[in-house]
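Note that the chains are named A, B, C and D in the order they appear, and that numbering of residues resets to 1 at the start of each chain.
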Amino acid sequence: MEIAQHHLEVHNLSLYFGGVQALNRVDLKVKKGIVFSLIGPNGAGKTSLINCISKFYIPHEGKIIFNGREITPLRPYEVARCGISRTFQNIELFKGMTVLDNIKLGRHNHLRSGPLAGMIYWGKAKREEEELETFLDREILDFLGLTPIKHRVVATLPYGLQKRVDLARALSPKPEFLILDEPVAGMNREERQDMMKHILEIKTVWGLTIFLIEHDMEVVMNVSDSIAVMNFGEKIAEGKPEAVKKNPEVIRIYLGHSFTEG
Amino acid sequence: MELIVQVMIAGITIGSIYSLIAIGVVLIFKSSGVINFAQGSMAMIGAFIAYSFVTQLGVPIVFSLLITFLIAAAIGIVIERFVLRYLTGASLLSIIIVTLGITFIMDGGALAVWGSSNFTFPKLFPAFSLELGGIKVPSVYLWSFITAMVLLVIFLLFFKYSKMGLAMRASADNQKVAIALGISSRKVLSLTWIIASIVATGGGILLASISALHVNLSYIGLIVFPVIIIGGLDSIAGATVGGLIVGVLEAISGVYIAPHLGGAFQQVAAYLLLLIILMVKPYGLFGAKTIERL
Amino acid sequence: MKCFKTRHCAYYFIFVGIFLLFPFSLFKYTNYVLFLVNMGAIGVIGASGLNILKGYTGVISLSQAAFMGVGAYTVAILSTKEGLPFWINLPAAGAITAIVGVVAGTPSLRLKGFYLAMATLATQFLLEYVFKNWESMTRGVQGLFITPPQIFRVHMNNDWVFYFFVVPLAFVAVLCTRNLLRTKVGRAFTAIRDRDIAAELIGINVFKYKLISFAISSFYAGVAGGLWCYYMTIINPEAFTLLVSIDYIAMVIVGGMGTIMGPVYGAIFIILLPEFIQRVMEVLQPIFRMTYTFEAFKHIVFGFTIVIFLMFEPKGLSEIFSRMGRRIAKWRRKEVREKGGY
Amino acid sequence: MKKLFRFLVLVSLGLVAISAHAGEIPVGIYGTLTGTDVDVNGMSYGPKDYLTYVNEKFGGVMGHKYVPILLDGKNSIPEEVKVFKRLVDVDKVVVVNGWSTGGTKALRDQINILVKIPFQAQSFSIDVLDPVKYPYIFLMGPTYEDQVLIALEWAKQKGAKTIAFLHADIEYGRAPVRNAMEQKIPEKLGLKVLADIEYAGVSLDLTPQLLRIKELNPDYVYIQDSAGNTIKILRDAAKVGVPASKFFGNNYNFQHIIPGTLGKDAEGFKALQVNADWGANIPMMKEIEEFAKKHEIAKKDAYYTKGWAQGKIIHEVVSRVLKKTGGKIPEIGQFRTMIRDEWVNLENFDTGGGTPPLTYKNHQGHSEARIVEIKGGKFVTISDWIKTQ
């Protein structure tokens, strides 16, 4: 049960780019069902860390344990299969495809029908596709209010909406662990409000663990249960939002920043 | 042993011509990220133009070479200005195929103008030949070898020190930024294509003067791909070395391996090596690895 | 959606009608035109295969011709050495070619873009070498020739019989492609084409799907090659050179990369282009006296076609047609509205 | 689907061609007007010009004009099949003058079973020469294997002990050499084959192969390829120091471009001649010169004259048929078979010195050749007509 307490554990993770040390012996423990935020100035190594978790980068040392199972040796798509899904800082949607297809791709691993069945497109494969569409309509699309634009091609959508499609794609596989990489970056005020609302809803309604990276302190402080602060590839503080807010080290780093503006 | 020496020399001599063509391809790629399948056809066309000037119009060789180079430069500019400029930002694959299309146009043009029979190319070089280890190396081979080496040095210096060279590298690395920095990428591209097509023409002329002149000469455009892969797409030194490697490899396989495997193994040897290298070192021996980012 | 479907049904009926009546409308041109149509149909199958790989998965393959060669040789060997019937040989050709395709596709584990294209180029040349030198199997450069199976006591390579056999097959091939591409697999392909890293990160096994794409594409190629062999009754290494691969690439581009009907238009276009030019040139014969200008002209037009399409119509003929269609539809709607319809 | 329909309509519209009217005798010719081996396509222009010549001089045959139709087969199987179908079905020709071995093989059933049309192949391959299996296919001259035999016999007389073969990796290159080996031709003559060296037909440099030749040092080397590659071979031979006089080429190397390109490096190269050269002092040449007054000759070489001779054959058999029918053109299928029957009956037919007298009992015309050698930059005959037995 102890393991189940910690949904994700990162043990002294290190990553180098040539000479540059992106991550230096980082340790993290994320409890199940909370919103865990990772903050820090640009280049602190936040994105590098999650890229390590989703195996886009292979860490040079340390290990990553998810649900008590080590996922360090896995390949990216296998990590995704474990139930970890993520959004991207600069949206990585498939721009040529429709919103619906993008979101469908999120559930790729839940679909069974192989190429041959697909070619014949009769019985199983057909049914599966229809079920998939109804599922998405019911669970994802109208929850994020994407139903009206589901047949639009992504490239034609405004930035804010694309962010939301990205989120939808990350949610569609019904993950247990959701990584959000700067979900409100570059959004205007009410877009930010919606996103905050969505995050909290996801946490409460869907009851999944959220790993948040964000610059916008307002969002962070409002949604997070626990916060870790990174600087120059090292974790320098961790704890409840209030605690972190008071931490002198953190204040020194964020000198000049006020916690209410990003 | 005497034979192996001769094989080596034979390989190096033909290899140096491969290098010449390959350098052109690499140049274009370095400065514009375009992979030019039409390089071989450029060589062929250049050779034909020179041929017509020398034999059909009776222009003295030096002048006809000059004119040929001018025309070649013009062709280069036309291709860059009227085709590839419209494709900036298009996917590499479609660019490759466009250059394939250009190949067809050029070959067709040559076919229409000169027909598809063998022509005797005028002797450009004093017909002395050097005795190297029992193999008579005709002057053209020496010339091609020297030309390749000289070009190599020139380009290396050019890219290292000259302002234009730096500009080219910059715009190859990131066109937008380069433009932002006030580098006229148009000028750069035009210049590259001029250089490339002139180099190709030179190679073509050398090639034509060692074998009969024929439309099929453009086949060399295919041989250079093992060369540039082995050498690495973006390295001129690599292209030169690669050319020599492929030349030698072909010679060796032609003499020692083909008898046992049978058939024209010489031809596929280069591609076999290409495949192996791609498996082991996906970016060639001298090529720079590109790092993917999110 | 519904109305769309019914409209499609109507189209199918029209299509079947044309398909059945077409051969009877040709008089003295019958065999010649049927030959072109049959070659076109083979082209459609091969091009659809290449389209899956190139248009949807974004892998440029220069070895389609070699794959067709594998198919053709499979058929020839099975029917001459084993004496198997064609309804075994054709699928076998597809299957074996698919295996070869997967092997040829393994470099895609580490390679992409130009480098992968080069790997396929190497595959093309290596396979040609094998065709020429695996004499115990392929009889080397002399090639194999087969006696085509009889259907209703008529040899299958008779233009009529073959027409009624191959055109439906091509239709099925296109249909299968369409089905495939609206399921999981098809989406995965497109995702890989658009952004392979992201695809991997959201849980798609990119390498596996690239291999699947190679397999399917070469399956099509194999079947097309097998049909070619049955039609020509001879296969030798000179039949499937790099130039043929380039023809197929041209078909996909001209027809429209990453569109279902693209390969159909493309194949027909590329097969007919030389015919039209031939006719034109025959009319212009007095002007172009030397006959090889025919060929030269064909080359030039072919080249220009590719260049122009990629420059100004990267989505090819199918885009042009659908634009036409849209325009007509709009115009219709306007009319209806003016009549106060609906 | 609509669009598909649009296309199909276009097809049928686009393919409207000039068809043969009564009183005309369409004759189909296809050859490699472009593609590899194009430098010998005089063979395809020849028949066309001769039939035109007949039309102009004698107003055709018994009042019927020939309609020679020359198309490009590009030396590729599907192209040649396509062209054949067009000639047979659309242009309704009565006889076809074809080209490549591969194409002829692909068309074997069409020619002999389905269409039954007399077919004169330019190929010298033994694979298509079979009066029983292929009753409608005719060759004119010694097969490549015959040529090897002739060359080797001659070499034997000159005291050769060892030989080697050089050829490209295509059917035209490899197959005849293989056949010759399987027929044990060298062994029968007591010649030792040191090597059978193959190279890629497109390769630009053949030095390695020549280095092997130099190592093995055979007395003679037989080249089963055409001028383009022969030039490369002799060039690289000179480079590694193998004298051109060691080399033998088949009938497609009887080309003046070879000495023209290589100059003294080609001195002593030997080729086989199977028909009269351009400019030879023979009656046939007079006709050509007469024709050349009004028309442009595409190729002035030994292959054009070969084509001209083939034209003469076609004219001969057609006029014989028309004599039989008393000047009226029979129904086309019948016409074709009659032509074929007359063809087989040709005996010691004289093409005006263009070739040795032709007899078509075995569908081969003749199987003689003579050796020509490059002396002082031009080909000179150095042997009599040698006949294979």
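The rule is short, and it goes like this: a contact is a pair of C-beta atoms (placed from the backbone, for glycine too) under 8 Å apart; a residue touches a chain by one contact, two chains touch by 3 or more.
Computed from a predicted structure; not experimentally measured.
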B-C or A-C, whichever has more C-beta pairs in contact: B-C
Per Cα centroids, the chain farthest from chain B: A
Per the centroid of Cα atoms for each chain, what is the distance between chain B and chain C, given in Å? 32
Using mean CA coordinates as chain centres, what's the gap between chain A and chain C in Å? 42
Using mean C-alpha positions as chain centres, tell me how far chain A is from chain D in Å, no decimals. 73
Per the C-alpha means, the centres of chain C and chain D lie apart by a whole-Å value of 35
Sites on chain C at which at least two other chains make contact: 132, 197-198, 201, 290, 292, 295-296
Tell me, which residues of chain A touch at least two other chains? 56, 88, 92
In chain B, the residues touching two or more other chains are 111, 115-116, 262-264, 267, 294
State the interface residues of chain A toward chain C in the complex, per the touch definition above. 54, 56, 75-77, 80-81, 85-86, 88, 92-97, 101, 104-106, 108-109, 111, 113-115, 117-121, 125, 128-129, 169-170, 173
Across the complex, what residues on chain C touch chain D? 11-12, 14-15, 18, 22, 25-26, 28-33, 35-37, 39, 132, 140-143, 145, 155, 157-159, 228, 232-234, 236-239, 261, 264-265, 268, 272, 275-276, 279, 282, 289-292, 294-296, 321
Please output the residues of chain C touching chain B within their complex, sorted ascending. 54, 58, 60, 107, 110-111, 113-115, 117-119, 121-123, 125-126, 129, 132-133, 197-198, 201, 242, 246, 249, 253, 290, 292-293, 295-307, 310-311, 314
The answer for chain C against chain A in the complex is residues 176-177, 179-180, 182-188, 190-191, 193-195, 197-206, 212, 216
Per the contact definition, I'd like the list of chain B residues that touch chain C in the complex. 35, 83, 86-87, 90-94, 96-98, 100-112, 115-116, 222, 225-226, 229, 233, 261-265, 267-268, 271-272, 274-275, 278-279, 282-283, 292, 294
